[in-house]
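Shared between the two complexes below is subunit A, which pairs with subunit B and subunit C, respectively.
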Partner chain A sequence: MSVSIGGTKPATPAGGKAEHPPGKKRKSPTRVSPALYLFPLPAIAVTLVFLVMPTLQAFQYALTDWNGFSASFNYVGLDNFIRAFTGDSLFTNALANNLKFMLVVVIFQTALSLVLAMMLTRNSRGSVLLRALFFFPTILSSVSVAFIWKFIYDPNFGLANSTLDAVGLGALQSSYLGNDTQALYWVAVTQVWFHAGQMMVVYVAGLQGIPRELYEAAEIDGAGKWQQFKSITWPLVAPATAIVVAYTTIQSFKAFDLILGIAGNPPKASLDILSTRIYSSFANAEFGYAAAQSIIFMALIALVTWLQRRVLRLTQKQE
Partner chain B sequence: MSHVTRRQALGLFGALGMGAAVASCSGPGGAPAGPATGVAAPATGEITGEVSFAHWRGEDKEVFDELIKKFVAANPDVTATQNISTSNDYNAQGLQKLRGAAIGDAFASFRGSQFSNFTEAGLYTDLTGSTAASQYGTELLAAGKSGDLQLGLPYQVVFPMPLINLDIFDRAGADTAPKDWDGFLGTCEALMSAGVTPISWPGGDVGNGGQLFNCMIVNVAPAEDMCAQIEQGTLKCTDDWFIGMLEQYQQLIPFIQPNSTGTAVEPAQNLFTQGEAAMLATGSYHLAAVRGLGAEFPMELIFPNTSTSGTPKFEGVYNATFILGVNSGSDNQPAAMEWVNFLSDPENAGYYANETAQHVAVADVEYTNEDLQKLSPWLTRNTALAPRFQFNNLDVRNAVEASATAVIAGTSPEQAAAEAQQIVDERV
Partner chain C sequence: MLTSLTRRGFLAVYAIIIIVPLTIVIFGSFKSTQELFDGPFSFPQSLAPDAYTEVLGGQNLGQSFMNSAIVTACSVPITLFLASLAGYAVARIRGFWSWAIFGFLVLGMAIPAQANMVPLYVLFQRIGLLDTLLGLVLANIVSTLPIAVFILGGFMRTLPRELYEASSIDGTGPWKTYSTIAMPLSAPSLAAAGIFLFVIHWNELLYPLLFIQSPENRTLPLALLSFQGEFQTDYPLLFAGVIMASLPVVVAYIFLQRYFVAGITAGASKG
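Entry: the complex of A and B
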């Protein structure tokens, strides 16, 4: 078997593509042994079977009224998409819940993880211990976290109301998940507790990469702590922020297991988010409609993530 | 060996991708499944091989293990295993798991939408006239019928009515069998006067909290298939009778534990077990769980009778569920059928019932469990088949039941009814 990669390839100028002298015929494409192309085949096959095909199928199902088990189905065009936005208050309710949940979680989780990271950037023994402690919830399974918090929020025997009672604040007791106007925010608290430690680690790595000299120079120039944060920390921690925000957004949209663990299946309307709504539609034998909802869900995550990156880039350019 | 260029390779991969895309567009579905018409009886033959029994009752695993030992001893050429999912998973994914019969040669299903979907998917074989079917009480078999065909055998009989602590009722002098709504409110008043919370209700748990709905609706609705009619749009949540029922829910607020809409089922059971509440508004299927939590007091069932005038139509509600079936896709139907026959034998059904503290639909079963003995008279009373399982659309069911929860949380009956009806209208 002959392998012709490397030695026969012309050197590429640094930082650019290979240049072809004008008037000179471009060299024929590099030839490699066909055996080499077999190596990515398993990965390609897995991707095709488990990602590409299901995705394409979802697009196809979304145009049908298939119930998930019948041999027959009808093509309904874009009816499923139209229904989702104009004829299904449960879907629009779940969408609104999800956006609220995302907004609250992104803001508070990003802020909390940044604050924690700034306090624990140093590699002292205490900081390392505290970082491990804050990171700990991340290693728990989401179902365990859901059950722990479900009992914390229980209005009869739960830790939250018992603590309020013990410190003389019994008047502030709530039914937490039973209160439709508050329930989503209580789950958001759980989500932030669950993932803030993980995001803190991303920020710690970002903060440790900022040269100390910049802060020393700023101090000599008389910059206060806020100015240092605004002019040095925030702009230089931008790549970490982009990761944290994007990851947190996706987590917020996919808080499926946490919601089901806390609220049960099906969750009540005040705790229904897009992923649980899609699950309910599948369980309700509306596969075509559920597929359409899934595509909307996918598009929404892509759109929100793109918007966030744009906004973040713009704000950091202004800094 | 000949060489290919990158371009050629990309072309090849592109073609593969296009092929996959075309393959994926071959149409929804997998193995075609037929409707209930033309359903065949399970195949007969030698009782050999492996039987997978799919169900959701993890709490019954040990009891089924014992029954499997006995089954295998009687049929030495067979092995049997249980494939257990949680009830939520089984409800949501049971059909996908059982299609093709990779698991579940024999299986159980919920009454209502799951049984309908399984039927439509052609998952059942016809058990009409089988030895197993002949063991059951005729009326109780109705939940497993599709037209004239007996596709499933409802194994369990449960009473989705509040469990009561008889000691507390005695102490409070409360009526255990109120004849109408005023009588039931009087019972609640007496219990509250005795210093206990009358009703422990898990309003934070949709499945268990919704059981009370069965009792509240059966005697006020204008038809026995009221939930099916709500789903079809012929009856509405905004009708006077439905709003009247929600007003009755509203009257229960002072008698239910505070913050009940946030209470999960386990804390609700604890309130009842610890004697802080006199009723547990779920059902007889929680007998074993409550005993497991340490309850030693005598228990009974009570029917919150919502009728306000005349003779009530029903004295209670029951549900026939855990519907046994033999998978039409199974390649070991003889052994699967034998397992269903075995479970339907009165002696084995009795073992299951007494060990799990649940009544069964099999006739001539001897109940030795004291709790079951105490509740057995309910088997012969004029009870209605639990109506909430008439809903085939789970979104509709949840919306209609959520109207009651919303009322308990403080929403007006009219507003709660209107919100529920909007969701129903979107799905009619």
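Entry: the complex of A and C
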């Protein structure tokens, strides 16, 4: 099948077909019917009206002080952007929280999903079953996952503290979400529990593409496990790593639902991230300011994704 | 890679970390608050569905369930339809326009929903879609169309051109080729994309939170979120809500597992 796809040159008309008598319905197999150009129109129209236009409008709103309901508003230039970075500790706090959250989640989720995938690469019955189990949390709604973990973290009756107590480690008890310096990291744990299985599946696909002979050859050459990982697994699984890191990053910026479910709406400052902050500004009828924060948010995601690609490429080249 | 014993130990611990919270939610939804706090791991003393009666009756979660079902039942097929039309055209046109159309439609994957929520809210207000299920359907379609085009267009491009061409030599129009050849052949990819959309649309929280005002128009995630404030530590009630909200997705997962994995991984590879 794949051979035949590559073999045909789409643009050149097949010689035999060009000799159709004129006047008759001429239908070269390589010239597509003009009607085909109608097919994507509904999708293009919907995208244009409800995605492209609103996104462009966000740039316009960002330059105003509009409150969302009054008929008039003023253009205020870049005031909203200046306010976000210099005059609004709520925004800079959410920004810092979001970057911390992202960093922790990306590191731990990538590592955990890779370890799980390496343990479950083969398609034995046990591996398939465990993969299905580990993947499971991903399909739940964020609010559901948030409620489950709210109970685990409940300082008085929660699962975590009562388990610690039961095994004699009562000294390690914590108030989890109630502790402002730790709360964000406990939500990061929840986020990893939620999505590591999904990223594991991406890694399994990548690992299954590595020829086993490479490991056998390395073994013969006397390479240890760590050496094999460094010089075979990590470089060859790089495409999967790129996907996992990029996706995990976007997930951690969009952890909106999880934060609202676990911390309430609006969340307290120690659990406020950019998406929840933007929503709060919006709910506060600061439409212009919310739009400006959205644009910073979008630019930040693009910047972080770009930086990660560079960093990843460096680590993969070095070894 | 790792020694067998460490591997087994690690996997066993992780399996416990996944299973235990889920079991506690199921058991807990049949317990009283006191019973849950006294013994979270124990099997419930009675299977009286008190919490379920309360969330379905008192809290009207049944209505929210219906709303979620209506919204998802509309938004998933429409998204698939629009995306498959576009994907089919992209697969057949080739050349510059093919890339231009595909690129334009897929570009939206880079725009997070929070980036345009303010203008979208204003637009919905102007055209009267605020606080309607129709508005939610539309928002779901718009937000997932890019990824659906990405998955379906990507798949349809891999189908051999000869299949399309053979039928157009016969004089069959593009619509017929789309519906009798492209769609049936794309069934696995449609199933994977459909499952992916189902999970996203069913669990969607941001749009209902933005657009829905009346309690009778709430979808499940929004209704659950409203529990959060009202029933701080009434966990049996929260758990019954969690189970109601998760049931359709879990049932689908049990029966259609391989499509889930294919769909959600295809969705993940968009980065």
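Criterion: the second predicted complex is superposed on the first by the 283 of 319 C-alpha atoms of A that agree within 3 Å, B and C clash if a C-alpha of one lies under 4 Å from a C-alpha of the other, contacts with A are read in each partner's own complex, and residues count from 1 in each chain.
In the analysis below, a residue touches a chain if its C-beta (ideal position, glycine included) is under 8 Å from a C-beta of that chain, and two chains touch if they have at least 3 such contacts.
What you are looking at is a predicted structure, and each value in this text was computed from that prediction instead of being measured.
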Touching partner for A:P235 - first (subunit B), second (subunit C), both, neither: neither
Contacts of A:K268 with subunit B and subunit C, given as first, second, both or neither: first
Which superposed partner A:T64 touches (first subunit B, second subunit C, both, neither): first
First, second, both or neither for A:L140, with subunit B first and subunit C second: second
First, second, both or neither for A:V46, with subunit B first and subunit C second: second
Subunit B versus subunit C as contact partner of A:L116, first or second or both or neither: second
Larger contact residue set on subunit A - subunit B or subunit C: C
Touching partner for A:L177 - first (subunit B), second (subunit C), both, neither: first
Subunit B versus subunit C as contact partner of A:P155, first or second or both or neither: first
Intersection of the subunit A residues that touch subunit B with those that touch subunit C: 1, 4, 29-30, 32-33, 35, 37, 44, 53-54, 57, 61, 68, 150, 154, 156-157, 260, 264-265, 279, 282, 287
Subunit B residues touching subunit A - in the complex, by the definition given at the top: 1-7, 9, 12-13, 16-17, 20-21, 23-25, 27-29, 32-34, 88, 91-93, 95-96, 99, 113, 117, 120-121, 203-207, 257-264, 267, 270-271, 393-395, 398-399, 402, 405-406, 409, 422-423, 426
Subunit A residues within the subunit C interface of the complex: 1, 4-5, 8, 10-11, 25, 27, 29-30, 32-33, 35-37, 39-40, 42-44, 46-47, 50-51, 53-55, 57-58, 61, 68, 115-116, 118-120, 130-144, 146-152, 154, 156-157, 159, 162, 193, 197-199, 201-202, 205, 225, 228-229, 233, 242-247, 250, 253-254, 256-257, 260-261, 264-265, 274-275, 278-279, 282, 287, 290-291, 294-295, 297-298, 301-302, 305
Touching residues on subunit A, where the partner in the complex is subunit B: 1-2, 4, 28-35, 37, 44, 48-49, 52-54, 56-57, 60-61, 64, 66-71, 73, 87-90, 150, 153-158, 173-180, 260, 263-269, 279-280, 282-285, 287-288
Subunit C to subunit A touching residues, read off their complex: 1-2, 7, 10-11, 14-15, 17-22, 24-25, 28, 36-37, 40, 82-83, 85-86, 88-90, 92-95, 97, 101, 104-105, 108, 110-123, 138-139, 141-142, 145-146, 149, 158, 160-162, 165, 168-169, 171, 173-175, 178, 199, 202-203, 205-206, 209-210, 220-221, 224-225, 227-229, 233, 235, 238-239, 241-242, 245-246, 249-250, 253, 257, 260-261, 264-265, 268-271
